[in-house]
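One structure follows; several queries about it will come next.
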Amino acid sequence: MTVKTDTNPTEEKRKQNIPDERGYYGSFGGAYIPEMLYPNVDELRSNYLQVIESAEFRKEFELLLRDYVGRPTPLYYAGNLSETYGAKIYLKREDLCHTGAHKLNSVVGQALIARHLGKKNIIAETGAGQHGVATATVCALMKIPCTVFMGSKDIARQQPNVLRMKMLGAEVIAVESGSKTLKDATNEAIRHWINHPDDTYYLIGSTIGPHPYPDLVARLQSVISQEIQSQLINQEGKDAPDYVLACAGGGSNAAGAFFHFIGNGKTRLIGTEAAGEGVDSGLTAATIYRGTPGIIHGCKTLLMQTSDGQVMEAHSVSAGLDYPGIGPLHAHLHTTGLAQFLPVTDTEALEAAQMLSRAEGIIPALETAHAVAALSKLQFKPDDVAVICLSGRGDKDLQTYQQYFQKT
Amino acid sequence: MNALQELFQNKKQNLLSLFFTAGYPQIDSTAGIIEASRKAGIDFLEVGMPYSDPLADGPVIQQSSTVAIANGMTIEMLFNQLETLKEKTSIPLLLMGYLNPVIQFGTEKFMEKAAACSASGIILPDLPIHEYREEYQTLFEKNNLSPVFLITPHTSDERIKLIDELSNAFIYVVSSAATTGKQQDFGQTQEAYFQRLKAMNLKNPLIGGFGIHNRQTLQQAWQNLNGAICGSAFLKKLATAADAGKAIEMLKEDLGLN
Amino acid sequence: MTVKTDTNPTEEKRKQNIPDERGYYGSFGGAYIPEMLYPNVDELRSNYLQVIESAEFRKEFELLLRDYVGRPTPLYYAGNLSETYGAKIYLKREDLCHTGAHKLNSVVGQALIARHLGKKNIIAETGAGQHGVATATVCALMKIPCTVFMGSKDIARQQPNVLRMKMLGAEVIAVESGSKTLKDATNEAIRHWINHPDDTYYLIGSTIGPHPYPDLVARLQSVISQEIQSQLINQEGKDAPDYVLACAGGGSNAAGAFFHFIGNGKTRLIGTEAAGEGVDSGLTAATIYRGTPGIIHGCKTLLMQTSDGQVMEAHSVSAGLDYPGIGPLHAHLHTTGLAQFLPVTDTEALEAAQMLSRAEGIIPALETAHAVAALSKLQFKPDDVAVICLSGRGDKDLQTYQQYFQKT
Amino acid sequence: MNALQELFQNKKQNLLSLFFTAGYPQIDSTAGIIEASRKAGIDFLEVGMPYSDPLADGPVIQQSSTVAIANGMTIEMLFNQLETLKEKTSIPLLLMGYLNPVIQFGTEKFMEKAAACSASGIILPDLPIHEYREEYQTLFEKNNLSPVFLITPHTSDERIKLIDELSNAFIYVVSSAATTGKQQDFGQTQEAYFQRLKAMNLKNPLIGGFGIHNRQTLQQAWQNLNGAICGSAFLKKLATAADAGKAIEMLKEDLGLN
């Protein structure tokens, strides 16, 4: 028994996954950048579609996705979860991507673009370190010098990824400003880009930033939902799941997992955001729940801010979700009801990580655990097919898990 | 015509402007800085509205913003302060800041309040030009406020012409593609850039900023452009000097103006 | 230009990858076990072939390999390595397997057998922790209680894997006897098995132990060479590489990578063993180089021993290769010249790990790094196709890498 | 007929044997242990050849092996010691150990030396039966040595019959499927196992071992089988007692034999 579906979605609905020419999804998006960034952003904007749709790019991108990233990633039928939650639950195994998360999909694509544009240096921001590792990885592969900005708080809580970046030859810059987390790492990356405009490509890690980044990253990550679709046809005989669940920090894995299902009238898209110690605790990163429209890092979206328009510090145990904004696509999906966003607390996520480890032998990243935690918040029908985007593996979070489970 | 436009009608060369962050170093420093600037013959001022995430700014302005916010500075409060000062000061003022706090304040209300405080213009570096034209231009005009846009060595001729078209006070010539406060002397890049601008015969005066901190940088701006804005270097003096007057004195010394 | 090949290998040569009925590869193998182990080993011996050749097993095994382990793993053409070493170098990406190493292939298969035999508990030994993690993982998936024996020295140097095993619900038993490494973990696992014979399956991690374990593990791992073969046909238009390189601790990844190429007269099979501080330093694990025929853990093979027949302590910076014996298949391949084994020192392995990280953006496990290090010991012709079995990823070894590269 | 076979001809019940590790606690402890055993009326002895990786053994025998190896004990040295003792001692001896050191020593040479030292039999728990038949049996026979095989509660009747067939001194009845030295009393499992063995009417005497450490375990072995072997419990006494005589006294006390 499937949920009631609109089997004939209008063309308009179908296009909700792509912004207009100026980068707006409804009222969110755009490019709010100082003049110093204009030439670089404009160069990317006027080239990205043509590049990523070129046969040359597709060939190279797809080869790297297959042989280097390890795609397609499996769509794994999780029997034990299915039994527990009373639905057919599949896990889209982005945790099996090289370097351990979906981030590499977008990094491979953007690095090819950077090379196409003749850039000689790549910079990136990182929260959990997964995007930093992915960027350092592809930069090593392509022999491009790489600088990664990471908040000093995140450096402390995601040590394994810091060691990996260094091993890969990247320079890791500890950011001491502001909350010393992802928001400030992003600020510093942008500042560095302003100061090095000539041949530097800024390789953004999520569906955030000024247009065209959100669209670019979403398109590169859309390989996730594309694979889900063809795998589901094979494995379940249907071309769309009833649910897709994904966590959302900036929103790239969610964008990728939702992409081909957005507005199809069949699939309930569920994003989870980090509630930290609770949406009303003051220590939260539940951007959609607590956010209001505004501008952060070059785009109009929902963000957590004071009534004066100062950006608030986010809080989440998970460095990759510890961000006071969210991608404009998601702000739009939320506003239009095309997706639903649920807040998940630190504790719920930690327990979900433990649960998944024990139930299926898969230790998820803390970020990913937020998506898993949504399972117990939904009411499934027995025939429902739910796909969780298993965005990353938990190797980087073992210390946090140990500390938590020692305490409890 | 606003005060700033009037200034440019009367003075075409060697203009000197200061940037400071409202609420820094103290919550009520603004009045003193404005008064001391007037006394010291500063031509006009940019009042920075502090923002939590000033991504075009270097450490000095970042730090001043953090302090100002911690001091309790808000747009509301700044307007209240400027309101009480507007009778006393004749020096043209511009407000400068990031778009988000302005939007949260309410764009229309912001423009009206700015005008009510006798501000001459507003600089919003992250306001896209197309959005300015579609949503902001009429508001600026209605309130007799000058929009000021930034250009950098990487800005195309075409875009500079568009900006010249849209401007009615001056064009903010960012000395190099860099965040504020980079302390390097100007070199051939700047020289070439300034020459390119001269050759374009723009209708608006050109005021150079970002990196003016000593005699060399000031003179190079003055020789090629109509004036210069000094920000980070001034804030550094404010941090250590006994009062704003002393700070300006020390700054002038650095700039070779004593 | 390929190396001179024997294009018509005799049937006899082809069969060198499989032992005779009593488990002998030439003069190596067999089952030298005390009576206490006889019933369990004999039960396995008389069932394993029938089980793993059954349609039911194949179906379940292959589904898990695809959707859970993430197979096929890519055969990645390493352009930068190829350029450096003057041959076409491919990496068989076992590091992309779920849990990060080839070990899971065999664990999934053996756990299915254990279930088929009605076993209620699973025990395992582990050195690097990869086999322990793999076992804990599949036990979680199959809801079988799991106990892992690990030397206390290895527990200290492979912390991340210890944390993972615990997160997965396994009991990790610190082994304090002997050298406190893999050899002694194996002893303790066997002792535990002797003490719990009734419904315990001993899930051995490599091609070691009494017959049928070496053959069972080799067959389960042979999916590696099977995939290499069909991928090479696709990607290079040839059905056998000129070289296959693999590290050998107990020998399971090497057995898997060699399996279908053994005795084909075309492929040079190169195993690398851990020389530790040097084959003649007294601190080594170069079993083939320094070993003599004898019995260890239930099979006749080459092992490092005193003239009195006491097993010597091995030394390697890599916990997974720190073993004084080697699988009987490899002893046989060495003796017959069907494969060549090269010793690689700790330092060479560490440098190779760094080299691969920088050249291809892939941080290998320390064990794997020993295979990579062989590249500089071989003389390739430009058209040679060499496949390195990239047996595992280096996340577990970051601390060791950091310490080494900080020092140097 | 060797000394052990002779013993079994004359004594069918309540046999008591001790196992000890050669070279433990001191490198030269063997002579004293043999002499004290003879004096205490022990029926026969198993002399353990220490091995680095004794995987069928519990912590006590492991520890004794480690010490013995560290003391310098080797098969060569053990034979030298036994050689000098053979005139003095009448107590039947068995050598027990893992296969690898024997192979390294040289199987043929090992058998000859064992015979030369008047050993009656050899226990190699990890020697496969098929290999015994194909490669070792003639060597054993040529040197008049008895092979001793282990059986456990899990050994099938068929296999027990085969072992009975191959044996000519006794069958080593491992009390439970366990490594040596597990200190539990015997229960229903052992009882059922012993009954099963009785019912099989085997031609060889049955000697129970593994876990004999107190009155209950000894008596149960004696009541059901022909005798008992005490290993770990004896080694523990050796570790603390002043000499081997004292150790045997203490052990007998534990076993309820005083």
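Just a few scattered comments:
Per-chain residue numbering starts at 1, and chain names A, B, C and D are given in the order in which the chains are listed.
Everything that follows uses one rule, which is that contacts are C-beta pairs under 8 Å (C-beta built on N, C-alpha and C of every residue); 3 or more make two chains touch, one makes a residue touch a chain.
Since this is a predicted model, take the numbers as computed values, not measurements.
Among the remaining chains, none touches subunit B as well as subunit D.
Under the contact definition, subunit A and subunit C share no contacting chain. Inter-chain centre distance (subunit A to subunit B, centres taken as mean C-alpha positions): 37 Å.
Centre-to-centre, using mean CA coordinates, subunit A is 67 Å away from subunit D.
Counting partners per residue, subunit D has no residue that reaches two or more other chains.
Touching of two or more other chains is recorded for no residue of subunit C. The touch graph of the protein chains shown is a line. Pairwise, the chains that make contact are A-B, A-C, C-D. Looking at the complex, you find that subunit A touches subunit C at residues 66-68, 70, 73-77, 80, 93, 95-98, 100, 136-141, 143, 160, 163-164, 166-169, 353-354, 357-363, 394-395, 398-399, 401-402, 405. Listing the residues of subunit B that touch subunit A in their complex gives 51-53, 55-59, 62, 69, 74-76, 98-105, 125-128, 130-131, 149-152, 154-156, 159, 174, 177-179, 182. On subunit A, the positions that touch subunit B within their shared complex are 22, 30-36, 38-39, 177-178, 183-184, 187, 190-191, 194-195, 197-198, 292, 294-298, 305, 307-311.
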